[in-house]
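Shared between the two complexes below is subunit A, which has subunit B as its partner in the first and subunit C in the second.
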Partner chain A sequence: MNARKPRRHRVASSQVGLMLLMVAGVFAVLSPRFLTPGNLLNVCTSASVVAIVGLGMTLAIASGNFDLSVGSTAAFAGCVTVSLVQQIGVALAILAGLATGAAVGLINGLIVTELGVPAFIATLGMLTIVRGAALIYTGGRDIYLYGQTQYKILSSGLTPVLLALALAFVLWFVLQHTRFGRHILATGSNAMSARRVGVRTSLVLLGVFSIVGATAALSGLILSAQVLTGNGRLATGLELSAIAVVVLGGTPLTGGQASIAGTLQGSVLVAVINNGLNLLNVSIFYQNVTLGLLLLGTIALEALRTDRRRTKQLTTR
Partner chain B sequence: MDEIQRVPILAVQNLSRRFPGVLALDNVSFDILAGEVHALVGENGAGKSTLIGILAGVYQPSAGQVLLDQKPALFPDPLSSQRAGISVIFQEFSLLPHLSVAENVFISREPRRGLTVDWATMNRQTQEILRTLNVEIDPATLVSELAVGQQQLVEIARALSAKTRIIVMDEPTAALNEREAVRLLEIVRSLAAGGVSVLYVSHRLEEVFSIADRITVLRDGRHIVTEGRSAITEQRVVSAMVGRELVHSTRPSRTAGAIVLETKDVTVDGGLVRNVSFSLRRGEVLGLAGLMGSGCSELMEGLYGLREITAGSFLIEDRPVRIANPRSAILTGVGLVPEDRKRQSVFPDLSVAHNLTIGNLPRWFRAFPGLLDLAGERRKTLDYKRQLNIRFTRPEQRISGLSGGNQQKVILARALAGNCRLLLLAEPTRGIDVGAKAEIYALIDRLVQKGIAVILQTSELPELIRLADRCIVFVAGEPRGELCGAEITQEAVMSLATGLSHRVTVDSASLRSIQ
Partner chain C sequence: MRILQTHKSRIPDAPATGSSINQVDWDLLWERFGTAVVTITIWLIAGLSTPRFANVDNFVSVLRQSAFVGVSAVGMTFAIIAGTFDLSVGSTQALCAWGAVSVAKVAGVFPAFVTAVALGGVIGLCNGSLVALVRIPAFIATLGTMFLVNGLTYILTNGQTARFSGKPFVWWGNAQVMSLPVPFVVFLGCALLGAAILHRTSFGRFIYAIGCSREAANVAGVPVAKTTILVFIVVGLFTGLGAALLGARLYSAGPGLEPGFELNVIATVVLGGTRLAGGRGSMLGTVAAAILFATLANVLNLSHVDAFVQRVVVGFVLLLALSVEGVRQRLAEYWSKRAARIPQSSQPL
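This part shows the complex of A and B:
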């Protein structure tokens, strides 16, 4: 019982790891194309896109919040960057996109901390506002980038994977080794106590929401670089996959805990399942159903385990 | 007590219950008489909950038996225990908040007319039961609209409606305010007078001594003693509970040093607390006492920057300070052990080490305050573990696995780690075992001896007397009087707090009502 926290995470993430191996094994047997290098790169790229925003979401959930606006933010940031590449160059355009995302996150944070709106409502409102803003910005049309091979680098080869791994390392370091990270966990575990020990919880949340916004933007940029297009309808539903991979990875929705490695594994699991089902020509509708079932199954298992642990605690009293 | 009442209605004989790795109950025997209030006391882990569980049909005994009316009885499930006339009122109520009082009282036993529920009868019968309890609650009210104390009465009403002969109450006053608690004790007495037996499980000894006919003490799963109330002293119950005589029952003599804190005409939150002027020296404990709502908690919160100080001045070591929020309080050397451990101080998901250092995180480099020195953190945690005798296995262990007393020591260590000169203690031993309580008192003594100044806000008069060198009594937001040293007695504090100049008799019920 002493090692409850670490053990729980190990169980949860090893569970995801195990599932991952099993699922991958099944697909490898069923589809000869699954294990080809090209396909594996596809899997890694799509896993990375979800992982990047999922990592931001991990922080949000650890702080006791979450962000439903990440899909819209991704689309908006993608449009901003794509529209600016011609004028200010790739590097500055990417920075502008990330800044857009961080700004949206900051607004989310301000609505939560200053107006006292619960994160669910605040970010649900922003989900539609930002999606609308993206469509207004593009006039509802796609913005194409012809011949911008430089921008394509963001989504080609191992770039997305390296970005995801680098981000995972940075956020892991923040959580484990910095005061800010400790304050995030404290705020998520018990905000009232956090204020009493001098944690400026509002500042912490502003920081967290800004980071989530920036990670959403980065995911959006990769998606837009894949198609070299700015599209206001990009990344619809990304918020749900982002939350799903965090939860699959063993980070509890109640706050105060975070599993960065779990989120990475969760992202790969979801990507593998989608990819495998694609290879087997299963329709996208069934893929949605599968993802939903997977999420429900994991949560139900976790609930059962918590329940059993609670009974055990009762009986050892 | 006549002969008929002397018959035990319920007895446990050589009852044992083994859980993997623990013998939670070890050969326990005692009995409960008809119409008796029988108190069951013991520290956490003494086996009270297990015993309740067996009576409620939640657990099965590993050995021994339960006798009901002197005949062996088996409770394989909660329903059979209820059918046998035993009602258990757990700390966490089992009421359904969105149903009415009457629906809760008669749940699964609704009076019927044909296929439908006979609402009129149900409401009338509920009303009658509530009236026997002397309670004015409309049976049609939703339970969610009731105060905690009233909800508990609904639980009792439900027990009575089921023709219960034995009511088991687990820490019934834990969630109640003073008035509700006094009321509950009255009701327990009247239940017993009406022939219902009550097994009253509590660790609040004042309550136990005011209400119980007999007292049974468990320790480490074993039965230690069962005695009539008049045949046993509080001191003996305490030592039976902890297994040793508790030392340090008196306040040590202290020598106060230089003035640490001086307040002049302080007003909190525009008048919640007014005209507070006092000074506090190093190595001194100042007590704050008063009835509920007298302003002591608010003053403490004001001193820590959780409420606004709207007038008056505030000097720490002769320098005027403004404490606008907890951060500035910590920076000026003020530490707080909050009143409500669960809500206001513990981070349940974090480790012991993280809980301990959160107010003052160790830096890796001086120049970069953002980077943490994890090895230093571990060292610091182990240091405090030794100093304060905190019992845990590893610093990485989650704090929620620790006992209340050990959690509180971690919180105390947290306040100390901020290098505070002034320590604010709000209800420092609330919900803590007697054994851990004595340790925490000794700890406070040691800190004070080292020169820390302490302000203590407590609702337990014995605690006030044990710890405080001086004590300010508040009435309705204003200081009413100050008592020094031996002047601090229960009678003196009570008469100031209630505004009576004459000597009042302090019974245990009104004791609780001291804030």
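This part shows the complex of A and C:
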């Protein structure tokens, strides 16, 4: 495995960064409130919630898989943690929540590797099951945490941002400098050949899915800490925003490549746009439209560019 | 051996000649008729255990319920056989249903259905062009249009639900023809039409060809781009029709009509035995799977199962049905490895 990144995805990644700067510049000019510290912190907090799942998802996509169950996992882990905080204390409850997420991820992985169900379907089934489990667990009601200021630490101040950055660094290190990381990319670029050269792809995928589950749980915990409430309907649709952020960041869906920095930038870009539109009093209805246009625009540019390069190669040869 | 297996899989009725070929046969039988068998089994169990299940009114309601996902699933079957899929059907459904209800209010039934179907077709055309001409992977392209259409629906409707309860319009969602619910009749018609297109036209053959191998189809002269665009248009048309029926059934429609609809539709098609990898699948399976999901929801409701537990059950059914194939393959691998270890039992060709 060559650790050097292929050119195509370096281009995509810098493209997102450029777009981010441009969009932020426009909003800074249009709205005086955009560049205030309080607002920037808001942007970063909401970006980091999606970024954390997105980072896990980057790993999954790099290994040639998806995880559609992350939204449900986030909700379930949030409920578990919130319900346990009173009984076993904040630290242990957080650990329990993360373990729940990792366990859900492990089940996903087992269904994919052992039962041979494609990841798309396996995690689609788990999306329904885990969401149901979260709702059964809470009985469909909210679990409130009154006066639990300790748990609030998870979502207050710079904590989510620091968590996202730390996670990004760890995952970057794993991908670039460990054997596990190289095996993930090998599995993603061609699972069959990876198996032939001795990569234990099933174990790799189990690891990847567990990590995705744990990251989903972490953002679920942050979300539930923000409102100090456990709710089985939390984070609905998180899976698709997470995938959108990863794709915006330039990680190709074909697997074998990953751009951790791109995912971070992608999630900040989406958060900046949503925030800027809010500041400009644009109806919330337009946020989905912009996300859709952004996604299609970025990928279309990317697709057209690789297309042109491919034809150029063909003609020069 | 491998050639023999693939050859065998095309001829379901050929007599089995060897033990390892039997494996393939079972796989194929399961793929073709598994869903139908499971559906009938569930009917039998439900009929025996739930007294209120086996009566005409309840059957009518199950069949009607199956139609709203089913009509869209007919279109999705095309897409999945062609090796792509469409995540935007949920948003499309909401927009088309709203369009149908609002047009029915001012212009009557026929324009309402035309509007819904046309809206679906236009969205399908956009999806198809993005996938086939701009070459965006279907997952991302339809994810993008999903967000786009969803936002558009909220903007157009201003977040409000449109209502209309004119007799001729709601007839399409609620009435019965020869004791069969109208939406189900439409669904069956769509499925028959779909099956005819898939198996009797060159367009249908192109779809299977593209699903088996894009490259090979392209080399063989199949108009890949044109067929792909048409496939997405077909998905949109059927989704629009299903949406109009749902609007008629509910007397109303608005944004956020049925959250998670796209995944339900894909689950229905895949449960019906159509391979997500493309190239294989049938309408019969889709119809059976749509009825299966509706039956399941109905039985669980009748036996007072909590709505939350229902979700878990539905997910489990999906996973169970789809892991059967993988488990069978695992077992077949294991058996063939064991057979390879004992030289006498090697297969005579």
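The criterion applied here is as follows: the second predicted complex is superposed on the first by the 311 of 317 C-alpha atoms of A that agree within 3 Å, B and C clash if a C-alpha of one lies under 4 Å from a C-alpha of the other, contacts with A are read in each partner's own complex, and residues count from 1 in each chain.
Basically, contacts are C-beta pairs under 8 Å (C-beta built on N, C-alpha and C of every residue); 3 or more make two chains touch, one makes a residue touch a chain.
For clarity, every value in this text was computed on a predicted model and none was experimentally measured.
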item: Room on subunit A for both subunit B and subunit C (clash or fit); value: clash
item: Winner by number of subunit A residues touched, once subunit B and subunit C are compared; value: C
item: Which superposed partner A:Thr178 touches (first subunit B, second subunit C, both, neither); value: first
item: Partner chain in contact with A:Gly188 - subunit B first, subunit C second, else both or neither; value: first
item: Touching partner for A:Val117 - first (subunit B), second (subunit C), both, neither; value: second
item: Subunit B region in steric overlap with subunit C, selected from 91-99, 109-117 or 379-387; value: 91-99
item: Residues on subunit A lying within both footprints (that of subunit B and that of subunit C); value: 254
item: Subunit C contact footprint on subunit A (complex, rising order); value: 68, 111, 114-118, 120-122, 124-129, 131-133, 135-136, 140, 232, 236, 240, 243-244, 247, 253-254, 283, 285-293, 295-296, 299-300, 303-304, 307
item: Subunit A partner contacts - residues on subunit B that touch it in the complex; value: 19-22, 24, 44-45, 49-50, 53, 59, 304, 306, 325-327, 329-331, 336, 338, 343-351, 354, 358-359, 361, 364, 369-372, 374, 392-394, 396-398, 400-401, 414
item: Touch list for subunit A against partner subunit B, complex; value: 1-6, 176-180, 182, 185-186, 188-190, 192-200, 254-257, 314-317
item: In the complex, subunit C residues that touch subunit A; value: 87, 130, 134-137, 139-141, 143-152, 154-155, 159, 259, 263, 266-267, 270, 276-277, 306, 308-312, 314-316, 318-319, 322-323, 325-327, 329-330
